[in-house]
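Two complexes, one shared chain (subunit A), two partners (subunit B, subunit C).
== the complex of A and B ==
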């Protein structure tokens, strides 16, 4: 047994527990500052993940092969750590809207984070289930954390019931897979999956697992929960849901599709392409009439899941590394957008786009950040979103020669991008060209938030202008996957 | 190469300052100005440091990072480091720095003080990019950025319709030239197989027929870019109007940097031009020089006189390139940057003192009231006229001599150059005699006072190189890279230019010493009117190009409004929006419906995969 491999997860869990203890001795007025403590500690964990103790360069396993530490796992763990740091800082700003129990809010974010980190290392169906439940169950609480707000409670209930439904499908699917093959470990399963590729019960089991993961990433037709939950949840939760939870879904999807059953996946090209195309169109079309910013970003996150599925559907190394790169850009972009929303909207009940009116006078910095985030989401150079989409489409086009369906998928994706320009620029228009903004009071921005937003903007530019480094890291990370 | 990061720092510092001012310090005027000035002064110091460490010819001629590399697609972002670019960096940051400091005093009262400095920094960044770019693509990007930032600066007082129009005119006229430039770049890319300057140069050296029958076309199309930026005939019309911008902007853009970009481009890619292209370039330059000098003779606005003089001097430089002498062209560009920036700033100082009066016939007797401005202005004028010993004398001389070189030059060009030199002395003497001597012709001129130190010190700083740049060995430095100027007609040229100075000065003295009003219109009548009206070029363009343009625009507007916007965009938009609204109906908010739809989705997926 090699427990030391799990040192990052242990550190995060210990930090969460420590935070709950620390809460007991912290005077009520200073409890919100604990968020900074947690973020700083996570920063150390993130730095530590680069040390040779953790990043030894070789693939190692623990718990009888259930848990694997490789480049892919480390890529996602760092991704989740960075996400959690930014979300924690955002939560401190949001603390005004949470009457009691802000420390629990921080601790839950850390517990969800540990679930995501376990998900990144998952190499076994049972561990997959544990990781997914650890994430989902904490999110049930996080979504409904504003107990005095009806919308928040509603979001929590909806997420709980639909999440339970999808978990039920998933655990049933795992049972079927185990029943037919007798294996739960991905590596072992990969050895025998080819024999079962015609076994319908086995395939049914796999499909049901994919349903569960499709729910997590909000892919069509399992996306139905996303807009309501995104809209109702507290802004930091939504951000964490949009970035962390979605990325966890993707890493599990990659592990299952290309780690456990690559032979079966090869037959599912058309299924993946159809889901990708439908998700892109659904997300973009539904976003058009939206006026609520968080709901709009909810639909946008569905559309983005579609783009990333396009990379998955390419079934190639280039496609999967493009997914990883895209997630990187998505992290900075979406967190920047949600942070701005969180800052602008915390004093107002609603999140209507019109609340952004006059933002360029209230805080030019926030206005520019939000504009850059929208421009990056719309995929316009020289920002990260452009290069991510470019890599995804390029990967799909490369597969187009043997299978012309890929060209159609690319065409759908481009139509989706064009549609998305409309609603992303609607947001930009609201910032700069609104008539008679009612409120022109300047917005106070704390230094940590400023640092975070600068980091996000920097990330968008660096990934867009100098993508080389991250592209290489992403390509290395997916080297262990089989196609 | 030592300190390889320095050029990058030099390039990006002004951008950083522009971004910081725009995003953070708009409200703090002093801090904005300090940031902008600090950035450019630091750039100047760093350039000197870099040259001190590496000499004028660094071991590595380029420093580059691969911008992006995906498969076989590779784009480089590279900086070119050789005497040509390094000296230009010094000029841009040095002269630019003086102008930045001068602006601090000149623009003090301006409402949009911070925006002004942000634009100045953006302009500096773009200009440094043009100078340092190592390939056509990068050069073009910065070329356009120069266009944009000059648009912002010329239109700084956009509340005034004339300023807004002038900014538009400058931008659009430049775009016309840039379109040709872009076509030229495409030809080079298609036939040369790359965009890097040294790559194309190497290939041309190995295979002079690389572009085949397109050689002349490629050269002339690239020259189009220079025609726009350096305001050569027939795209010269934007420069005089651009005087609507603040005077320091005129000094920065329309004397030292932006208009020099065209000449710089010609020298940078000199290897591309063949003999027929060079002939065209020489005559376009010569024609511009003569025409602009003639127009300058009958202008009354102090800035416009300087603007036409700039046109005329740019014509000189272009002509020098056309007679295959890029070294004198760059030499003159450098000295011109010093003394013309000095003259513009001197004019700015006068205008500032006279509460924005620009008509020289309302000035007079300023030599006593503004001694510092007067002294430096005279130094600048002497350099411009080519008085022996001053910097302009050396550089202009080389051009006049080069015009006689037997392979590319001709007697016609020589006479033209000498004639322009005479006209130059004439109109500059007229300007100095009318504005600084004679009686004060208005109350403002009567009560004028010397400008504050923040404005006179930059004048002094520019006066030194304007007077002495002939002894710095600049020509030898350019010669290292572009080839020594070689002419056996130095003596003849010197005699011609000396004669021109003496004759021009004598003529002006006779006409304008203590003159109350301009005697020329009475003497030469219609010709003077024609000069005053700039040969009616604006009217001609108004009647032809703009009419035609308006007609085409009207047709295009109809097409855009009814076919594109009406049928295509609104049609597509309506259909998409309809889909969006229809799909939204599924999103009822009802949990039971959601669960049902979820299970339905599962069933459909299972059926699709397993059902067959």
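== the complex of A and C ==
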């Protein structure tokens, strides 16, 4: 058994525990600075993940094959580390709105991060369950962290009830899969899945597992929680939920569909396509009337889950790598948007779109960043969102010749993109062309936040203009998956 | 009467459905939460039964994971419900209406 494979996760957990200890010796006034300490330490872990000690280039397993370290796992671990760094810096800015326990907030982000990293390496249903629960239970606390705000508590309780319901379904599904096949390990399951592909109980079990994962990625019809939880949570939590938790759901989905039961997945094309189309339409249509910025991005995140499911439904290597690429662009775009929201909205109670009025005078930098994020989300060239959507649609069109339903799915996705132009440009309009802004005081931006926002903008442009490197990395990462 | 795998599975499925009914029909957060635990325990029963009758130990180990995780989930969940009760003086789902379209 090779425990050294889990060194990245152990480093993150040790960092989280260390942070809780450090909190005891830090004067109250300086506790918010611990976020920078944690972000810097995660930066070292991220750099360390590129060293040959971790990235040896060969697939290795630990804990009797439960845990696998391959290119896919490393891609997602770096993705989660980068997300957590940006979220931590954002949390430091948000510390004013959290009266007590800011160090615990940082530590919980780190624990959720460790859950996501374990999820990236999952190769067994028991590890899948533990990873999902580690993420979800931590997020219950992160969601309701502003205990003095009713909306935050309410979001936490809604997430709690629906999250526990989805994990109950998932556990029952795992029990049925175990009962019919006697296997929990993905690799072992892949060996026997073909002979069970007509077994109703086995298929029901897998469907119930998909319910649990569908909840994590907020796919239709398990998306009910997303708008309320996105709206009520503290802004850094929402950002982490939108990027980290969703990506963890997708890596688990890829592992289960293409690692454990590829033979069954091949029969589920129609189901996946229907879910993808419904998710795209639901997210985009419901986003139109929204006035609350975080709720709007909640619906937008549902729609984006739909686009990524399109890549999963394509059942091809191109589709899988397109999902990874899209997630990369989504990271920079969404984190840029939420950082701006966090900076603009922390002084005022609400999150109405009208609060963005006059942002181009208050801080041209934030205005440009928010505009770029919206343009990227809307999928307009030359930003990351455009190229990601292009790759996803291309993967689906390639599959269209044998199965014409893919053309319909692509048509639905394009309709969705057109609808989304309307509400994303509503946000841009609020920044530049709204009348009578009440408050024109300039917004102070600290240097770390400036660096993070520049990184996000750079990421959006690089992924949009020079996508080659990341496309290759994503293609290598999915090489171990079957379809 | 010989008690076989089917009997355990029927009980497990019944427990699961009762739990689901409780979640859907009841309006008190604590009762809903209790029903959720019932659903988790239905899965535990199924896993142990499968383990016992098919001769694999993996399922029983999985049950230990589930019990541990469920305990963590309950502690967080109850704390959350208590915090909400202090703020709102209610534990009914109809009153969770701060955020609407």
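The rule is short, and it goes like this: the second predicted complex is superposed on the first by the 483 of 483 C-alpha atoms of A that agree within 3 Å, B and C clash if a C-alpha of one lies under 4 Å from a C-alpha of the other, contacts with A are read in each partner's own complex, and residues count from 1 in each chain.
Criterion: a residue touches a chain if its C-beta (ideal position, glycine included) is under 8 Å from a C-beta of that chain, and two chains touch if they have at least 3 such contacts.
Model, not experiment: these values are computed from the prediction.
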### Query
Thinking of the overlay built on chain A, is A:407 touched by subunit B (first), by subunit C (second), by both, or by neither?
neither
### Message
One more residue to check, A:161. First (subunit B), second (subunit C), both or neither?
### Response
both
### Query
Touch check for A:225: first (subunit B), second (subunit C), both, or neither?
first
### Message
A:282 in the overlay: touching subunit B, subunit C, both, or neither? Say first, second, both or neither.
### Response
first
### Query
Looking at the overlay, does A:268 come into contact with subunit B only (first), subunit C only (second), both, or neither?
first
### Message
Quick one: is A:419 in contact with subunit B, with subunit C, with both, or with neither? Answer first, second, both or neither.
### Response
first
### Query
First (subunit B), second (subunit C), both or neither: which does A:140 touch?
second
### Message
I'd like to know which partner A:174 touches here: subunit B for first, subunit C for second, both or neither.
### Response
second
### Partner chain(s) touched by A:36 [first = subunit B, second = subunit C, both, neither]
neither
### Summary
The shared contact residues of subunit A with subunit B and subunit C are 157-158, 161, 165, 169, 227-228, 289
### Complex interface listing, subunit B residues touching subunit A
22-24, 26, 65-70, 573, 576-577, 579-581, 583-584, 586-587, 589, 591, 594-595, 597-602, 604-606, 608-610
### Summary
The residues of subunit A that touch subunit B in their complex are 157-158, 161-162, 165-166, 169, 200, 203-204, 207-208, 211, 215, 220-222, 224-225, 227-228, 268, 271, 274-275, 282, 285-289, 364-365, 368, 387, 391, 394, 419, 422, 465-468, 471
### Task
Spell out the residues on subunit C that touch subunit A in their complex, using ranges where they run on.
9, 12, 16, 19, 23, 29, 32-33, 36, 39-40, 42-43, 46-47, 49-51, 54, 56, 58-59, 61-62, 65-66, 69, 72-73, 76-77, 80-81, 83-84, 87-88, 93, 96, 98-99, 101
### Task
In the complex, go through subunit A and note every residue touching subunit C.
125-126, 129-130, 133, 137, 140-141, 144, 147-148, 150-151, 153-158, 160-161, 164-165, 167-169, 171-172, 174-176, 178-179, 182-184, 227-228, 231-232, 289-290, 295
